[in-house]
Structures are given as C-alpha cells and as structure tokens.
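Next, two complexes with chain A in common: one pairs it with chain B, the other with chain C.
Up next, the complex of A and B:
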C-alpha cells in the first residue's frame, strides 16, 4: 500500500485535486441551480468586465516584480492617488496656474534628475526641462471646463510619473543592497504615507467621478438590457455600460503596454533588466534608470486603473482594497507572467461576482472568496498558472 | 555584536557565555526596573497611597503598551528569529480576544482559564495557517498570512455572528478572583427586590440566582438602580450555569461599577421556580489600574521566555532556519517542524495579547484587528529591531511615544497652516490622517537609516558606554 502510494504520488495528488474540484463544482452547481439563467449570465459578463480592470492592476504589480523582484503593496494607494488627481483636474473648472506649474515643474525636475542632478547643468537639459514645464503647464491649464479631458489626462500623467519616480528615488533606491524583505516592507510604509496624504488632500468621502457619462444627456449611461435573449435566459440580464467601457479601455491599455514591452527599446531594456540585473548592467544598460522608469510605468498603470475603477464604481479610499483582491490574481497568473495577469484578473473577477451572487449579504465575493483562491494557489501551485518555476540554488 | 563586558570580566565557561545576566549589576538594574514598574500604580492619582505623582492615563498607557509588547514579541519569534514574514498577526490576536470572550460569556470560563484556553486555541489556528510554509516561503508565505488576515475576521464576523455579535461591539467581563464564601442568602419566590449597597471598585458583588424546580422559561433578572432604571449592560455582566442535562440552574451577575442597586427576579411565560439569591464578594480587576497587575508581570514573563528561547535548541534551530533554510535542513534540522513551532508560539503570544486586550477594554470590536494593525505591528518590530529580544519593547514604546506625544503636538499646528497654504484641504481630515503619515514616515526613516532597529543602536550604545572613555 505504502509502496503503491509512493510510486503513484503524482497521479494520486491529481486524483485528489480532481475529486475536490468535482465536489466543489457539484456544490456550486447545486447552489447555482436555484438562480435564474439571466442572473448567471449577468454575473458571468460582469465578472469578466470587472476582471479586466483587475488585470490592469495586476499588470502594474507584475511589471515591478519582474524588473526588481519587489512586490508592491503600495499599488492600491497609487491607484487612489492617480484617480484622485484625475478627479481634481476633471471636475475643477478653473485650474490654478500655480498648482499646475508646481506639478509640472516637480515632474520635469524629477524626470531630468533621475540619472543625476548634475544632468540639469549640462548641455540642452535645462532648456528641455523648461520647455517640458511650459508645455505640461499649458496642457493642464488651457481653455475652460470643455478641455477637462486634456487637463485631466495631462495632470494624471504628470502626477503618476512624479509619484512613481519619487517613490523609487526616496524609498526604494536607498535600499539597494538590502534584502528584498526590506524593500517589501518599504512598499508597506509607502502605502501608509500615501494613505495619509490622500486622506489629507481629498478626504474620506466618496467622490463622484463622472467619466463614463452619456454625452447627450450628461448623466450616467442607461444599462444595456439583453432583451433579445429574454426567452432563452428566463429573464433579462443587465450589463452596466460603465463596466463595459472600463473593460475595453483596460484591454486597450493592456495591449498597449504589451506592445510597449515588446517593441520599444525601453521595453526591451526593462525585459533585459528583469532577466538579470547584473547581465543587463554589463551590456551597458543603466539599470538604475530602468528601475526608475519601471516604477513610473507602474504608477501610470495604477493611475489608469484607479480612474477606470473610480469611474465605474465611485472614487473613494476603498479602491485601495481592490489591489488587495488583485494579489490573488497576480499569484494565480504567475508573478512573472504578463498575460497571466489578465487571466488571473478575470478569474478573480468571476470568483468575486459569483461569490456575491451566491451570498450577497455576507461579503463573500469581496472579502472571502479571493483569499480562499489565494490559499488554494499557494498550496497547490505556488508558481501560478504561467509563472516560472523557481529553482533553489545553494 | 560581540559581547563586551566591563574590564576584568571574562567568559571562561559556556554557561557564562550564555548567561542572561552576566554581572550582578546587570541583574540589579533589571530587577530595579521591574520593581519600579510594579510600584508605579501605587503612586498614581487613584493609587491607594494617594500621592498622585503619576497620572492614571499613563498607567493605562503602560498596560496597553505591554499588551502590544506581548503581541509584537510573538511576531518577533516568527519574523525575527525564524524569518517567516507574517501579515496576519492582528487576525490571530482577534482569535485570542474573541476566543476568550466567547469562552467567558457562553461557557462561563473565568479569566484565569479563558486566558490559557484561548492562547492554545490561537496557537492551533496559527498552526493551520503555518501549514503552507511546507511548500512556500518568503514572500509567498506572507501572502498566505495575508489570506489569514482576511479569512479569520470574515469567519468571526459572519458565520459566528451569534457568538461574536458580528459588527456590533461585544462586552467582556472583568477578570475576578473569587467569589469568596457567600455571606448573604435570601430565598425568594418572585418579584421581591433586594437592596444592595455599592461596593468599592476592587471588591465587587457577585449576585447569583440558583433555581430549584424551574419549569418553563427562566425568569428575568434585572439590576435596577435607585431611580428605577435597569443598569446598563456594560456595568454588569451575566453568566449562565447549567447542569449536565443542559438545564439552566443559575444565573450570576457581576456588578462591577453598578453602585447602589436592587435585584429583581420576575417569572415570565408561566415559569415557576424557587430561587435563592446569593451575594458574595470577589476581588475584581475592573478598576482601571488593576489590570495593570495582570498585564505587566505577564508581559515581563513572556519577554523573558522569548529571551530564553534563543538560548535553547529550539531557538538555535529557529535562527538557523532564518539564516539559511537549506543549510539548516542539511544540518539535520526538521525545517518544517520548526517553522510550525514558530507559528504556534507566535500565535500563542498573539492569543495572550488578544485575550488581555479584550479584558482590558471590556469591549471588543473587529475594527481593532484589521490589516492596518498587522502592518503596524510588523513595522513596530522592524523599528524596534527584529531578532533582538528587546526589539519588540523598543518598537512598541517608540511608536506609542510618537502617537501619544508627537501627534497631539503636530495636530493643532498642521490644522492651522495646512488649510491656509492649500485652500482645498479640509482641516477635519488632518486629524485622522496624521497617524499613517507619521507612522509610515518613521518606518521609511528606519528602513533607510537603521534597518536593524533601535535594539541594535542600544547594543552599540551599551558597548560605547562600557568602553568609555576609549572608543575601542
């Protein structure tokens, strides 16, 4: 008996997993059988839609982890800050010239001094800096409220890059040479600071971010009702337009960043750095600069996700919890896998929506199911679906 | 840090090298510090000597600090000694707190049995969440404990709502010694109020009502103050005793802060019974400074135990797992077994801290055990010095000092000029936002400048002091 178990360990393990999966499916099937088909279809659709934004959040975490091995616990708060900056530029009719000027100056100085402050004294760099400041400020303040999209996009872009570079410069870069654990703790500390700053600047009240509005009526979109399938589904499935738009934009951003990583020289350098930092340095890549760019890209991704999530469900400090729910998605997809981030995000979105469908009163979908998935992933397949297998070397 | 001794003291045996107190002077200082801690409440404002040298507020503060020292010391065993990151420590504290409260409320456990029972329960749950350490380590294990941080409060909030009260606060009785032999006994039938006088805060009345011949619903027992109002639930505490068949045979009330009151026993729904009301006295720890004498000695004891663990085989195994788990395995150390032991010990410490927290506050709510608290405890440990026996104490004291001294100083000042400088800032938001900023800022500063924490600085300082006036 023991010999049999030892010889067929792998097959037996998979058999056990299979039995567990069948049991869970039977249980869920029984639970779902009581629901209308329309509700199930609606849950499926909204799960995928919500999961798209989760995938975008997961991508930001994966990018940083690939490049530097740091798992960014501050990502949720970066989302909040990005979304709040967008809100500030989007809803305020008169942008203060001083504020816009300060933001663009800080951003340009941060960008130009990423390599060294000495850079600012050499060659055309001071001119580039000045020009950048003027262009950014102009883009942020030009025109009135009808230019709000331009203001908000420029402002969020500048703010996100400033945030990413500042976090890298003042929190992560001083830790070079320390164990990775220290850097992970540092992201926790950064999360606390961003939490406090957001709360001071924007308060704890939920803000209305009217991004996804019907241009004709200037109010929220009417949800799509799938009337055509009424007979098949025994009811009407309702899909929220905000979620559809957020999903599509998240997909566009996702594809854009995959193309960025694959076809631009900066993206190539980032991939090289993530493979092996020393090797990248030895072929002449400036690893320090590339890490800074990685943080800026991640902060930008976080801001986009924050705007999409804020526009779809409302902007408040609670958005930071989305990033906590995304951690299971990141691990599920694999810490190093970009496509895994999207698939993991969609799976977690589905898990969350079905959890809410089965038990809407007890926060099963948001507070329990994703973490159960996390435990399962850690026990069964710690490297995730598409992650690299880690090999220990002594 | 090498052990530096005063001139003339040399370690010639292994025992001397491993000793906790190398010189008599070390021991003297340590004992004096402990004695001073024990004597502190006596000279406080409400202390029996009536000296009023120390404000009561500081006595309560020291007690709360000690609770967190216990919790962070547990984290130190796991993170500092064994090198396994935990982001779910607050959830383990919640198990200790709710476990002891439920044991006391539902099963009538006294504090003295609820404390070890809930600590053991927490330890077992800790083992459960330590199981993933068989397959994953480092950051992945941190993720598993993060899952614990969400799953445990969810379980306490929803499936166990009947026991824990869900999102509503749960009241917890004060610990007692006693009750002492009953000296008042009044058989009654119904509706006959008995008048009792207020006791002093240390000796409280325990009212117990024993039924004989109870049929139907058991009676309503109320404590009524002279104005005729029922005494609020927070001021009294009821426990139910049952016989082996599950029938209610008695109810006991502990009137901790009740003052003068009456006991009224009324039959309801046609219940019949003969009741005997007994009153006895018990020594209560309900008064604010009384819990101090439970918490502080326990904290000192647990600190000492944690200090001693690293002198044992187990502690050395912990440290070798932390330094290099593969090498530890090659040395014949059962890595998984020792990781589980570290998880168990750490959770036991968290359980004790949670239980003390429940009894110190007299009221529990799940908000006190959120992810922020876990992160805060981890940060306290890093700031204090992970892996140092005194690290937990330094970290907690430092963070609490920041919160109690720096933040009240900063708050009015910031609320004054920040809104002037940036007109969009609302002064209302500043109050609650300073805490995370100061706290995150402190963690950043320590991670950059002194990642080994205050305890390491303290060692450096001690060496410098012993070598004075020559630096080496």
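Up next, the complex of A and C:
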C-alpha cells in the first residue's frame, strides 16, 4: 500500500484536488441553482476580467521577487505615482519644457550611471545621454493636447524608469549581501516615502483620468451587451471594454515576460541573481545592472496597472490598497511564477465575484473567500500553485 | 486647472446674487456674542486630528485649508476679544492606532488647554468617546455614529457633538421624502449598496427598516457592500436589483456613488433605478467624478442623484454665509478641488468654536479659567446660527446631533446658468483638466425640516 502511494503520489494528489474541486462545485452548484444564467455568466466575466487586473498588479510583484527574492510592499504606491505621472502629462495642454527636460535628464543620468557614475564620462556615453534627453524631452512636449497620448506614455515611461532605478540605487543596492528581510523592510519604508511624495506633488484629491473615453460620445466606452444570448441566459450580460483592454494588456505582458525569463540572457541572469546574488556576482553576472533593470521594469508595470485602475475608477491614494488585495493572488500562484500571477489573479477575481454573488452581506467575497482559498491551497501546496519548490541544503 | 478654476469662479459670480466681492470685503456674517473680557495675550487653540492622507484624505484635506484661512482672517483683525487663534493638528492617515497616539500626545502636551477638540471620523469618535468623557474634553465632529454620540445603547449622550444629523436619521428623512413623492418613487424598494465600515453601514439597522416600512417604503434586509478599491461592482448592484430594489442608497464618498451610477448606466437601468445617499454624496468630488460615464441622454451618470443637504451649499449665494466663505475661498486662491463640503463646513466649525469660547470666557473671566465642563455647559445652552445660517447649533435635551435636514438633487448647470440642464446641448461646459466638463450644482427639493429620531429604537 505504502509503495503504491509513493509510486503514484502525484496522481493521487491530483485525484484529491479533483475530488475537492467536485465537492466544492457540487456545493456551489446547489447554491447557484437559484440564480439566473445571466448572473452566473456575468459573474464569470467580471471575475475573469477583474482577475486580469489583479494579475497585472501581481506580475510586478512577482518580477521583483523572481529577480531579487524581495517581496515589494511599495508596489501599490508605485502604481499611484505612475498613474499620477500619466495624469499630469495626459491632462495638461502645454507641457513645461523645463519640467520635461528635468525628468528626461534625471532618467537618462540614472540609466547611464547604472553601473557607476564614472560611466557617464566614458566613451560616447555623454553623447548618448544628451541624445536621450533631447529625444525624451521632444516626445514629451511635441504638439498640443492632441498629442496627449504620446506625452503621457513617454512621460510615464521616463518617470517609471526613474522611480524604479532610484529605488534600486538608493534603497535596495546598499543592501546587497544583507539578509533579504532587510530589503523587504526597506520596501515598506519606500512605500511611505512614495506616499509622502504623492501627497506633496499631487495632493490627495481624487482625479479623473479619462483614458477609456469614447471620442464619439465623450463618455467612458459603452460596455458590450451580449443581447444575442438574452433568451439563453434569461437576461443580459455585459462586458466592460476598459476591463477587456486591461485584461488583454495583462495577457501581452504575461506572454512577454514568460518569453523574456525563459529565452533572453538578461532574463536568465535575473533568475540566477534571485537564487544567490553573491554567487551570481562571482560568476560574472552584473548583479547591480540586473537588479536595476528589474526594478525599472516592475515600476513600469506598476505604472501601467495604476493607469488602468485609475482609468477604470478614478485616480486616488486608495489605488495603493489594490496591491494589498493582490497579495493572495501572488501567494496563490507562487511567488516566483509569472504564469502563476495571472492564474492566481483570475482565481482570486472569480472567488471574489462568486463569493459576492452567493453571500454579499458580510463581504464574504472580498474579505473571506480569497483567504480561505489561499489557506487551502497553501496547506496543500506551500509554494503556491506554480511556485518553485525550494530545497535548502544545510 | 487654473482655467477651470477661473471658469467656475465666473459661473458662480454670474449666478446673479453675488455682491461685488472684488471691490469690498464682506462683514463677518455671524451674530457673535460680544466680548465682556479682554483676552489679549491669550491664545484660542483649534485642535484637530484625523485622516488627512488615507482613504478619506480627498474629502478631509480642505479642513486644514479652511481652518488656516479662518485663523489668518481673525488674526489679521486683531484676534477674538484680543486672543490670537492658532491651529494645532495631526494627520492620522485613518489609522486607529495613530488616532489614539495623537490623542495621547495632545492631552499630555496641552493638558488644561485642550478643552475642545475637532474630530473628522465616526471611527475616531467611537474610539475616543469614553476617554473624552473621562478627560472632560468636548469634541465637535461632522457626523458621528450612534455609538460615538450616544453610546452602545443609543441613549447615553457623551461629549461629542455632531453638526450633521446622524446617518440613520438622514436615511429615515429620505424615506419620508420618498413616501411623500409617489410620482417619483412608485412602489419604492430601497437597497443599500454601500461601503462596509461604520459610516457605510449606518442606516442598515433594523430600526431604520421598520421606520421606513411604516411609511410604506420597503428596505431590503441584505445590504450589498463594496470597497473603495473595487474596480467592478456589477455583482453587488445586480444583487440589490434582483432582490427588488428600485432605489439604491449609498453611504460612500467620491468614487463610490460615481461607480454605482456608472454601473446603472452600463446596465441600461439609469432611468428605472433611482440613486440616493447620505450628505457626502452631494460633494463636489462626486459631481466631477460622475462625469466619467454619461447617460444615453448625454448628461453625467450622477445627474439626478438625491441626497441629504443639512447645510447651505456653495451655489446658494444669496445667503451671506455662503457669500462670505466664497469670498475667503477666492481671496486665499484655493483650487477648485478644495471647493467641497469640508472647506465650507470647516469655516462654520471655526465660527462655532469662537462663539463657544467667547461665551465661556465671558462667564469664566479668562481663557485660562475655562474648563471642558464650562465648554460643555456653553454648548448645551447654545442656540446659534453658525455664520448666520450655514448650519444650526442646538444641542438641548441630550441631543448630540443636528436635527434639521433637507433633500437635494445633484444636477448640472445650464448654459444660461438659470437652473439645471435638461440635455447636453443645454448644459454649461467649461474647459477642465480632462477636457470639457459639466458644472455640478445642488438643487434643494425640500425646506429644512426635523429628521426622525431613529437611534436606540
């Protein structure tokens, strides 16, 4: 018997998952039986689409963790800052040349000095730096309000890169070789600094970010109504366009990062760095550069998520709390798993929506169900659904 | 942003009743008690703390601006009975622990000087209720919960005094309005779609359901909760509608009402389901954020939303109180996003603090001699029109919240600025940071009337 269990452990585990899933579905099926098909389909659609947004937020956290082993508690505030930078460029008709020039200069100086400040003076680097500043500044300021998308995307790109590099350079880099926990605590401090910066720069008032506006109606895109299925569903389900856009962007980002980590030398170097920074450095990997790229990429991802969330509900300091709601998705998918972030996000999105559908009275959907699912999964798979099993050699 | 501000200013000036503010400074509108003592050399401290950087920051931050402007106004005129005004405040970020430590710091640092404290949130009120009583410190709060003002049994008045009616009373008042308007609300069934904190749950109590039921207004027993961070609340709104609601009531701020209104438009139910809420849904932020989604008729999604309006509003410029605050707002070059409830009401709160101290000092002989118990005695004996009528201050017979309210509707100004727009072609549009913007206005639908008393039932 024991031998049978050991030999078929994997199959038996999955059989147990299947039984548990069937039992849950039977229980839920009974609960769902009283609901219209349209409501169930609607909940499914909302769950998947909201889950996609969660997945995109989770991706930024996972990228940092995958490359450096650090759980970034500042991710929510990076979302806010990124969204606010986008708003600043998107809603201003005349961009200040001085402001754009300063942002471009700071960004280029940080990029070119990633290895060391001396690097700025070497070879053709001064020319490259100057060229970069001119190009970025031109892209941020060219034309009027009709070029707002170009201004905002360039400005956000530059601002996010600057934010990521600055966090890495001044907060994380000094801690290379120190216990990981120190770096995690540092991200908490970074979160508070970004909180303060946001308040000083943009205040605390809610801002309208009209990125999902239909130019024909000057209103947010009308949702897609599934009228064709009205008879089958006994009602109408709708699909919100801005959430579809967010979901598609999330998918593109996920595919891109999966390929990046698997097939590019930088991606492989990031994975090696996350295993052991000192060892990676000893075999010639440029840990500083890799960490800098990682933080810049994560800040950019956070900014995209901030813009999408801000466009969907409005830009406010509350956006930072979305990252807290995403933590179960990150842990569920596995801390280092790119695909796990998306799947974890979708599972949490579905659990929240179905929990709300079935029992909305005491926030079962948002406060209880995701954490119950998380606990269940972690008991069965402590590294999350797609996390890497770590073997510690003593 | 500057252009938007300028246009809003022009709009309000063109409303027809604003006196020539640019030419002359208005007189202070209150009928303040005359000083019988000289307080020269003394200081009236306006103590306050609350969430200035957390979830409620977008609505509370103008409190600091308004108190700053009021303090500067008085100090520029020689103070109050010769006493200088000063503002002492802390940001707690909405954290309970931070509120407690701020209170501890205030009481230990300022000791006997701390007789009167301004608080913002029901949660802080509940946290500090017993401590305020023990330390004999009076607290003014915008709209406390039943527990903060009257204790767990709803029958034990404490040391907190609210300038708005209790939220449950506001809801009961709305039920009265619904029952009296069958042509607007036929067969009314109210469903709550609301935030899940103490503020959001107010009005969901059985007492409110029973009261409204007695008026012929059914209230669904199951409230639907959502969080300020929610991206999509289709499920909650549909739950309420499936349960029979044809009126959705919310205790939420800023994005909350706007999100519900947008969801109703997405579902194509903007005409069938009415939206209403507590006094905060009438705030400027809702009027601006609600423009993200337009109804099929081209007007913003929150156009036509009902709400409580227990004080005067910015657009009621025929009243000297509003004229005065508006003039100060303009002189101090405050931005359009600060033109909200908090700025308006905070000027009123400072006025009531001044009146309270003058009356108490007249009795006690000096500020140093004033105690919290003296302040309490003054507050409970006062019958005072704040800023000459912005709000009313009367806490007799154990009352701890305001007793008068009215119902208003959120609309958008028409091009002639003579009333609300009925279609987009008729609406006034101004250039804003996000393109053309409608200009929100509040239209009162009822006079000020007494609210029902539903606590402790």
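Throughout what follows, the second predicted complex is superposed on the first by the 319 of 394 C-alpha atoms of A that agree within 3 Å, B and C clash if a C-alpha of one lies under 4 Å from a C-alpha of the other, contacts with A are read in each partner's own complex, and residues count from 1 in each chain.
Everything that follows uses one rule, which is that contacts are C-beta pairs under 8 Å (C-beta built on N, C-alpha and C of every residue); 3 or more make two chains touch, one makes a residue touch a chain.
Since the structure is predicted, the reported quantities are computational estimates derived from the model, not experimental observations.
Peer 1: Figure out whether A:100 sits in contact with chain B (first) or chain C (second), or with both, or with neither.
Peer 2: neither
Peer 1: Now for A:171: first (chain B), second (chain C), both, or neither, which partner does it touch?
Peer 2: First partner only, chain B.
Peer 1: For A:67, decide between first (touching chain B), second (touching chain C), both and neither.
Peer 2: A:67 contacts neither chain B nor chain C.
Peer 1: If you stack the two complexes on chain A, which partner ends up touching A:110: first (chain B), second (chain C), both, or neither?
Peer 2: It touches nothing on chain B or chain C.
Peer 1: Using the superposition on chain A described above, determine whether A:185 touches chain B (first), chain C (second), both, or neither.
Peer 2: After superposition on chain A, A:185 lies in contact with chain B alone.
Peer 1: So, A:331: does it touch chain B (first), chain C (second), both, or neither?
Peer 2: first
Peer 1: Check whether A:208 is in contact with chain B, with chain C, with both or with neither, and answer first, second, both or neither.
Peer 2: In the superposition, A:208 contacts chain C only.
Peer 1: Which partner does A:243 reach: the first (chain B), the second (chain C), both, or neither?
Peer 2: second
Peer 1: Could you tell me if A:200 is touching chain B, chain C, both of them or neither one (first, second, both, neither)?
Peer 2: So A:200 only meets chain B here.
Peer 1: Under the contact rule defined above, give the chain A residues that sit at the interface with chain B and also at the interface with chain C.
Peer 2: 195, 199, 203-204, 362-363
Peer 1: In the complex formed with chain C, which residues of chain A make contact?
Peer 2: So the residues of chain A in touch with chain C come to 36, 39, 42-43, 46, 49-50, 53, 91-92, 195, 199, 203-210, 213, 217-220, 222-223, 225, 236, 238, 240, 243, 309, 312-314, 316-319, 321-322, 325, 353, 356-357, 360-363, 365-366.
Peer 1: In their complex, what parts of chain C are in touch with chain A?
Peer 2: Against chain A, the touching part of chain C is residues 52-55, 57-58, 61, 196, 222-225, 227-232, 234-236, 238-239, 242, 254-255, 258-259, 262, 266-268, 285, 288-289, 291-294, 298, 337-338, 433-436.
Peer 1: If we count contacts the way the header does, which residues on chain A are in touch with chain B in the complex?
Peer 2: Spelled out, the residues of chain A in touch with chain B are 71, 88, 170-171, 174-175, 178, 180-182, 184-186, 188-193, 195-197, 199-204, 324, 327-328, 331, 362-363, 367-368, 371-372, 374-375, 378-379, 382, 392, 394.
Peer 1: Report the residues of chain B in contact with chain A in the complex, numbered from low to high.
Peer 2: Against chain A, chain B makes touches at 85, 131-132, 135-136, 138-140, 142-144, 146-147, 150-151, 154, 157-158, 326-327, 371, 375, 378-379, 382, 418, 422, 424-426, 428-430, 432-441, 443-444, 447-448, 451.
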